[in-house]
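In what follows, chain A forms one complex with chain B and a second complex with chain C.
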Partner chain A sequence: MKELSLNILDVAENSVKAGASLTQILLTEENDVLTLEIVDDGCGMSDDVVRSVTDPFYTTRTTRKVGMGIPLLKLACEQTDGELTIESVTEEEDPQGHGTHVTATFNMNHIDFTPLGDVSSTMLTLVQGHPDTDFLFVHKRNGSEVKLDTRELREVLEDVPLNSYDVMEWIGAYLREQYEELP
Partner chain B sequence: MKVKELLAHGFEALALPDGEREIDGVYIGDLLSWVMGRAQMDNAWITIMTNVNVVAVASLADTSCVILAEGVAMTDELKDTAQAKDVNILGSSEPIYETAVRLAGLLA
Partner chain C sequence: MKSLAELQAIKNRMKDKVVLRDGMEGVRVVVGMATCGIAAGARPVLNAFVEGVNKENLESKVSVTQTGCIGICQYEPVVEVFEAGKEKVTYVKMNPEKAQEVIEKHLKGGQVVSDYTIGAVTA
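Coming up: the complex of A and B.
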């Protein structure tokens, strides 16, 4: 992907498909290292499936033979000398604490680092497409952060759907303002 | 032109499970997700990427062959996966542009 934000969208969609009620997208910049975490409370994957998702010929879809979300994310981080790890707990293993935790690290000063791109649009796309599931987005840099928590929005908005036009407009402006202030 | 016919013109067979495939046009690119959406069926795809994802992208886009330019080294993993997934991979010692020019002459 030309931008990591598109890759994030692809992988976060997997979380939603796994039935997650909350998907967290956490970006942490520390010195020259960017850590991306996508954490969900979805159905989780067995060890065999975890091993196979980095294989480009594995997919949960039936329409094609290959699924490229995780393999491309792995490539994007490994080409900056970073790494990708996946931890997952299935519903059977732990009915309360199941879910999947994908962690990818990137050396941002590496010449092959893929630009992060427009993560705000990624968040808008996720909320618009899945207004009934929750997302927590936190991007930390230099001691400040950009944050969006749809659970907080839902509490204030009560019955207004998150993907209604006005709410989407507001979320876009809210993220933009926070990014303008991020050092 | 068939993929296997390139072997007589300075291209090296790195994995050739289906040399009878016809080449129709050429696509060049290294950003795999970009290639995935743009390479056309039966294109010869020139790249310098040797990650195993190359085989998946070639398979998805249904290219006739992958041509690794600049003499980049092939990994065993890539070779085995290409054989298993029926993806042709050729090697060219020349840079990408020269490889493309040579192909243009052959396909004209």
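Coming up: the complex of A and C.
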């Protein structure tokens, strides 16, 4: 992947596929470390599945027997001496608190750090494809943050779809403005 | 600064449009957005279709959606065009410029851009 934002898009799609009603994408920059968290309230995975998702020869798709999403994210963080952890609780284990929490850390000063790229475009793509699920995006840097919470937008929009073009344009401008002010 | 009040105005403006979209029998543009598609550059292709369809005022006729892996990863980014009563058209190795051409010639003009279809690449 050319940008980390594409890994984020790819892995967040797994959350949506797991039936998440809310998928959180949290980016926190502290000193030279970037922490990416993708947290969902989807169906969760058993311990066996959690162990196997980092293996490229494990996948849920049926078109072929290779799944590269998590392995590529793992590669991207480990090549900066960061690490990837996955915690997951299945619906059976906890009918209330199920879901998956993927955490990846990156050393941003490492020569093999993949640039974050266009995260706003990733958020727009997620909203465009999944207007009926919610996303919370928070990017923290130097005590400031960029935030998008589709639940807040949905409250205003009521039955107008989040992926209506005018709404998408608004979201794009909303994120762009916040990024311009992020130190 | 973008405000929620602005969003409220968009909502009021959109209300009638939403009714129009329901029950339409139109063209479906489907972009493959699995790992293979994303890695090959599907995100800007999707954006080009979303923006182009809006710019050409085709939203009442054309919907742009995403799908997972179509199974021909070596040809990503892959875009499929479905139209009732017509054979599915599969465009391969797409980029935003090619997307623009497909919007212009195929979605607007009804003419398949055969240079970019899977048949042209495998033939």
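FYI, the second predicted complex is superposed on the first by the 183 of 183 C-alpha atoms of A that agree within 3 Å, B and C clash if a C-alpha of one lies under 4 Å from a C-alpha of the other, contacts with A are read in each partner's own complex, and residues count from 1 in each chain.
Just so we're on the same page, a residue touches a chain if its C-beta (ideal position, glycine included) is under 8 Å from a C-beta of that chain, and two chains touch if they have at least 3 such contacts.
No experiment lies behind these values; they were computed from the predicted model shown.
> Quick one: on chain A, after the overlay, do chain B and chain C clash, or do they fit? Just give me the call.
Verdict on chain A: chain B and chain C fit.
> Applying the document's definition of touch, where does A:T122 land relative to chain B and chain C: first, second, both, or neither?
second
> Applying the document's definition of touch, where does A:L75 land relative to chain B and chain C: first, second, both, or neither?
In the superposition, A:L75 contacts chain B only.
> With the two complexes overlaid on chain A, check the angle at chain A between chain B and chain C, Cα centres, nearest 10°.
If I round to tens, I get 80 degrees.
> Between chain B (first) and chain C (second), which does A:W170 come into contact with in this model arrangement: first, second, both, or neither?
Second partner only, chain C.
> Determine, under the contact definition given at the top, whether A:V53 touches first (chain B), second (chain C), both, or neither.
neither
> Tell me which of chain B and chain C touches more residues of chain A.
C
> Thinking of the overlay built on chain A, is A:M1 touched by chain B (first), by chain C (second), by both, or by neither?
The answer is both, since A:M1 touches chain B and chain C.
> Looking at the superposed set of three chains, what is the minimum CA distance between chain B and chain C in Å?
5
> Looking at chain A, which of its residues have contacts with both chain B and chain C?
Common interface on chain A, chain B vs chain C: 1, 6, 64, 68, 72.
> Taking the touch rule as given, give the residues of chain B at its contact with chain A in the complex, in rising order.
Listed in rising order, the residues of chain B that touch chain A are 31-34, 36, 51-53, 55-57, 59-60, 81, 85.
> Report the residues of chain C in contact with chain A in the complex, numbered from low to high.
Chain C reaches chain A through residues 1-2, 4, 6-8, 10-11, 13-15, 17-18, 33-36, 38-39, 43-44, 46-47, 50, 54, 59, 64-66, 68-71, 73.
> Under the touch definition given earlier, write down the residues of chain A that touch chain B in their complex.
1-2, 6, 56-57, 64-66, 68, 71-72, 75
> Give every residue of chain A touching chain C within the complex, in rising order.
Those residues of chain A that touch chain C are 1, 6, 9-10, 13, 17, 61, 63-64, 67-69, 72, 121-122, 124-125, 128-129, 152-153, 156-161, 164-168, 170, 173-174, 177.
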